[in-house]
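Two complexes follow with chain A in common, the first pairing it with chain B and the second with chain C.
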Partner chain A sequence: MSATENAKAVLRRLTAASATERILISFAALVMAVLVGAVIILVSGRITTCQTAATTLFGTGFCYDPVEVYLVLFNGALGEPFLVNRPGILKPLNPDWNPLSFGLALTLKETTLLIFTGLSVAVSFRAGLFNIGTQGQLVLGGLATALFSFFVAPLLPSGLVGGLILIPLAVIVGALVGGLYGAIPGALKAYADANEVITTIMLNFIAAQIAFVLVSEFYGNPDSQVVETTPLPDWATLLPVAFPQGGDFSILALAFGLALVVAVWFLLEQTSFGYDLRTSGEQPEAAEYGGVDAKRTTVTSMFLSGALGGMGGAIWVLMVMGKWQAGVPALGFDGITVSILAGNNPFGVVPAALLFGTLKSGSLAVQFGTGVPKQLVGVLRGLIILFVAMPEFFRMLGSAIDLEPDRETVATDGGSLGGDDE
Partner chain B sequence: MSTTTIDRLRDTELSYRATLAGGALSVFLLIALLGLAFPGSIWGNFLAILTSRSTLSSALRLSVPITFAALGGIFSEKAGVVNIGLEGLLIISAFTAVITTAVVGPEMTVLGLPAIWIGFFAGILSSVLFSALFAVVCIRFKADQIIAGLAVWLIALGLAPFAATVYYGGVNTDNLGTTLGTWTIPVLSDIPFFGAFFDADPAVYMMLVAVPASWYVLNRTAFGRHVRASGENPKALDTVGVDVSRVRYAGVLLSGFLAGIGGSALSLGLGQFVGNNQTMVNGKGFIAIVAYLFGNYNPIGAFGASFLFAGLEAAQIRLQQVPGYAIPDSLIQTIPYVTVLVVLALVGRTRIPEAAGEHYDTGDDNR
Partner chain C sequence: MSTAVHLDEITKRFPGVVANDDVDLTVERGTVHALLGENGAGKTTLMNILYGLYEPTEGTVHVDGEPRDFDSPADAIDAGIGMIHQHFMLVDPMTVAENIVLGNEPRKWFGTTVDRERARQEVIDLSNRYGFDVNPDDAIEDVSVGVQQRVEILKALYRGADILILDEPTAVLTPQEVEELFRVFEELTAQGKTIIFISHKLGEAMHAADDITVLRDGKNVGTVKADETSNEELAELMVGREVLLEPKAEPQEPGDEVLAVQHLSAEDNRGIPAVSDVSFDIREGEVFGIAGVDGNGQSQLVEAITGLRTPTGGAISYKGRDITGASRRSRIADGMAYIPEDRHERGLVMDFDLVQNGILGSQHSPTFAADGRINWSDARDHAERIIDEYDVRPPHADADAESFSGGNQQKFIVGREFEREPDLVVATHPTRGVDIGAMEFIHERLLDLRAEGKAVLLVSSKLDEVQGLSDRLGVMHDGELMDIVDPRNTTEEEIGLLMAGERPDADATDAEPPVGDAK
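Right, the complex of A and B next:
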């Protein structure tokens, strides 16, 4: 039995856990990550130097106050509905709060992008494939979109009509390129048994370099010092319609993302392909006996996963940047957190993306308001994955404090949780 | 899986490895031939790069983090825990080594030990602590090893730049202005080409000791036997009264210790931690995994593969300095990663330890 098969057994067990249990585990993991994050904030508050301590615990001054950091984070992500810098526990409402303001647009922008990458990771994980390569698929898909739009835009009438033709085509091109790049590790897995974790990570490095070369040597913007493509005309991009104060959020992209969530759910749960995909992830042996072509399913699942990642790149180019630029943010890695937090369920991806999008957009307010670096989100990203990966920890915690003794008994009797070797 | 299938797989594996090693050798011979025939051409440049002493010495230096991480990965996976978080262990030790040295003061000595060596050991300690966390999560809390390993990587990838920003205001640390330096052995270092072995970073000597030592521990000691049994047949090990969990903890901690040496050596060799994008570790932990798969879990084979990958990296760096040909640097930089992919595609069917990736329950829940 190979490690991947074992991993699949674990995924199977995770899927077997009830929906309520998974939601509980995700929440508990989030709370634990936030708590550990608070400790990290406190400790780093001792490392840095400041004039006045932000908080004092046990007679020791700390430069950063974790409670304040999280308050500022959520407040910033929502566009500052409260006046958090006032003293007292209950903060007064901000009379100038505007839900269409920059802060909320930023949150929704991040959420939209994370829906795509989260879906990408979720599809592969459901197929029992650890696609860590969403990042690379996103980088190349985004570049393809930018180049396609740049070369085709002059051939089309500018304005709304041109946009209506060009934008969907550009997204499809991004999806195709991302999908083909995702199919490479799929084929390597299916036909050469090469571990997809490693191949996708290697392909991330290769994608970044290839994209860099293509843009810096061939298709770069000659007027720019930065490695980037020429900006697209406004009509060829997704403009912020409902949120005029900037923040690069287009409600159209969010609507498209939500439609994809439903489409992916339908594909996974209601079609025979989805059935093949899930069974080869959950019960590979049964899938083989049932006549599923495992190799083809592997390649197709990875193509699909890559296509979703590529679309994420397309949306990043069309909605956020209006061009492709080197140094693409780590949306693909964030997608892993989103998918794991969502229990790899397409519908779960939406709240998970919203939560993680809130963390990401709020981190900017945190850096500005409290001085805690925005890289904090990178730490939380890993911590969340760690805690979701150990449901046993929460079960033990639950039974230790005797929270739900009944459920424990059921789990033990049912024998579906853990204990494969017994 | 029946024995015949395993045997057949093993045969194909061997032929793959032979093909690959033969392929590498013939590529080298081809370059040598072309280089000798046309000394002024690009092949001449290739040959000069491949046979220069400075390429050898940088290949040795570059193979240190990969080799140590690969050795660590062998112990962990042989014991039954797939440690995909090696990259994270390299990152955290590389960062801790530099920041500790900076906090102590690069010029200071404590108890006769220069600050840089205190940083070196602090880096190892941080990696051991991280691997202890990973071990507890995997063994005690039965987490999925792949996902927990990814978490270790991503936590380190977030934590190091975060801490660097807290302390320095940017994701890179300041340069310490000092490095581990080189230890030169008189006379021997004067040998042409191979003298590079005797005029090297201290960590290179450590590596040259650690590789055979790991082989010996794994294959010739009781502990090594326990480690292998814990990965192949934990039930049998349990039956003879050895605590499987303890052996697995030891395996994972050892992987943290070894990867820690690699990480500390990486950053202190440069005197700085670079935290951009994928940090200065830049996939070395994952390359290490491929190196030990290629080396079939044999420390010496893993060193060979690490040295091959590091050699490509060294040649690649030197190639960028050769003027007069038009391949962009970024494309050359992909050579090691592409090679890793090709190697993995060819030796992908490696037989991993039977019970690697599985939890082992003794049936005794109160442990």
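Right, the complex of A and C next:
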């Protein structure tokens, strides 16, 4: 068998994997990533010089202890429920542990934001559209939310009542703006046959620059040196009520995100529109045959995807920043990986986002709690994401290049899939 | 008479599938042997084993009485075996002679240069010896499919083949070209060559072969002499039960006009005119057939009618209303059922299960989706009903479309479209790839729809099918509707001439040579 055939066979195998198999593959990949990461930790610990070895293996001292690093990583992400004690042994429980700690809030904050962007990407991928523009949709959606809240807040009574009115409206405005910004590449694709990968990538830059100009020239906070909008009053934002130690996490936002997960699932699996969308994504010719209006579905799917990205921006503004500030984190790009990790399944987005959140918040703990430099922590994070996402990525690749599953190619006369030929 | 090929207890297993199960096959030298069977019966797999493309899991191949173990087609070619695949492997811009010698070119100047003159002469000698009518200097892209096939045969002969395997050689030919091919068979066997051809058409095997071996489900179910058997016996061997071969439509008076196509023109995907100025109508209780070699504009015509292709000219009216610009969805909603030509691309979503595929086209209809929400339990009942009534096997509504065999996919599509309660059924190759039993059933159902007063547009490259089922028959060639004939009073030869582009009134001297444009 040639290398190409081998590669194709692997792709076919991955494409045909069942849901259970895929979850098992993900876990195996996670374990592999941890093992490979451990080797890297040891190697870099050998290269570095330090006063006392963190661990000793086969009579050789190493500056970093991989077991400790990983324990601190996951322990930190949960707000340190365990006391990590050298050499890498957990004490049963940390008597000071508070489930509502900063570490856990940080994990859940990232998770919440990534649920929105992950859903955004998942919707477009399911429709067969590679929306790489969630970042831009998030940037503009967030800005719209911030400006809307800033201008409308003075008209409303401050306090709980004002918040109840303003926050939902602000999220809707963010969704609308993000959706419209997503609909642009959708319309370009549908009516001018412009490749959405290219247009959405370009529109990311445009969004960032538009937002920058608007804030720095017109709507910025005059009292600030930074390019940012005037901070919103507390009552107009989502406060970390349940997490008194801070961490910019609001349980309401997470609940909203989870509700959206169910809503997106319902839309995709239970409605006629979802059927059109999925059919277009799976097999455009069959969708056309089934009476799906390809152009309209393209624009609508991109609007929907953009709206979810825009809501992500709204939540970032309302929950994390309390204002819009230039240099928006790459939540939209992480959403692509989250969606691929989730197999573009809305329910899969939740654990995928949680893994991301855990890694992000855990890395901080590693940075502060061990001597390991943050660059190395970044490598470990990257490894885990790479390992876990790759099988799913190749699965998508396998379906995208339309490989015929093994048995059909051999079982029929003529060798064509489900063979016919007069 | 000696034995040219003997396959001894060949078994070929693929993961999860037994393609050939303990098959014995003996082919005598200097005869034509037909390998007959349904799609998926294992015919091509068996021949690929003989040609060295697959290795048998068990069993041995004997050529000229010697056991052989082929690692690759190169070994098979050395042993004097040549195979002509369904899809020709020719280089279009190169000439006939160049294609024939390709890979084995005679050389001059110590092997540095191809000796074109000698190549050309060798090809002329070769075609004279077997009485082939080919011009060595024509470019492949300029000659008809029939000639291309002869070039493929010459290529095999040039490499010294004594045993020729042809995989479904008649699939792309007009009836005249088929006759020509069978004449070539006679010439070749007269000179001692042995021919094995794969077919799933009874008539051809009866007509052209000396011996016929029938495969069913990977097993050899019998080898018979062509002049000692009958169509009925062969059909029974192929299917495993008695079948009714000839569809016969009872005469019936058609009702009101359902579909009218006026001066319709359309282009193919490359923007080349594919349908030009086609006009016809179909009435209630009528089957209108369209015959023609594949690739003569039938696909584009059907797509224009069903709303998948925007016509470049002309008009289509359906049930008295102009629908030339109407959307595909509105046509479906208006009772237009369509069995598409390409079931893998269009007819089914391969990664969807049959429950989801069962509502393809009905996903917005009130039957399955009131208020925009799909009622999946109704959809499941619907899919299970189709599976049951149309005998889709295995009967698993939850299995992906991809996992079904071609014939069963087709049965499911036919069932879905027939159960739409349509006013017009557009059926393209409705029995392609299904077994004879299912074919009989689909034909009966088509005639039932006709009896219920539905209009049917039937496009098929199987002449006996369109001829037997149609009330009126249009013949297409190169995008034009050559003529509309009464299929009951027209011979196969007359229709064949129309398919090749010759109008009966054309003067014999200036008539164009039959050139099939099939791709």
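The rule is short, and it goes like this: the second predicted complex is superposed on the first by the 304 of 422 C-alpha atoms of A that agree within 3 Å, B and C clash if a C-alpha of one lies under 4 Å from a C-alpha of the other, contacts with A are read in each partner's own complex, and residues count from 1 in each chain.
In this text, a contact is a pair of C-beta atoms (placed from the backbone, for glycine too) under 8 Å apart; a residue touches a chain by one contact, two chains touch by 3 or more.
None of these values were measured; they are calculated from a predicted model.
Asks: Could you let me know whether more residues of chain A are touched by chain B or by chain C?
Replies: Touching more of chain A: B.
Asks: Using the superposition on chain A described above, determine whether A:283 touches chain B (first), chain C (second), both, or neither.
Replies: It touches chain C, and chain B stays clear.
Asks: For A:168, using the defined touch cut-off, is the partner it touches chain B, chain C, both, or neither? Pick first, second, both or neither.
Replies: neither
Asks: Considering only the touch criterion stated at the top, classify A:203 as touching first (chain B), second (chain C), both, or neither.
Replies: A:203 sits against chain B, while chain C stays out of touch.
Asks: In the superposed view, which residues of chain A touch chain B and also chain C?
Replies: In chain A, residues 418-422 are touched by chain B and also by chain C.
Asks: Touching residues of chain A toward chain C in the complex: what are they?
Replies: 270-273, 275-276, 279, 282-283, 285-293, 399, 405-408, 410-422
Asks: Which residues of chain B touch chain A in the complex?
Replies: Touching chain A from chain B are residues 82, 84, 137, 141-148, 150-159, 161-163, 165-167, 171, 277-278, 282-283, 286, 289-290, 293, 328, 330-331, 333-334, 337-338, 340-341, 344-346, 348-349, 352, 354, 356-361, 363.
Asks: Okay, in this complex, where on chain A does chain B touch?
Replies: 1-4, 6-7, 10-11, 14, 40, 44, 47-48, 130, 132, 188, 192-195, 197-199, 201-203, 205-206, 208-210, 212-213, 216-217, 327, 333, 336-337, 340, 372-373, 375-383, 385-386, 388-390, 392-393, 396, 418-422
Asks: Of all residues in chain C, which touch chain A in the complex?
Replies: My answer: residues 14-17, 19, 37, 39-45, 86, 167-168, 171, 198, 200, 294, 308, 327-329, 331-333, 338, 340, 342-352, 356, 359-361, 363-364, 369, 372-374, 376, 402-406, 409-410, 429, 432-433, 461-462.
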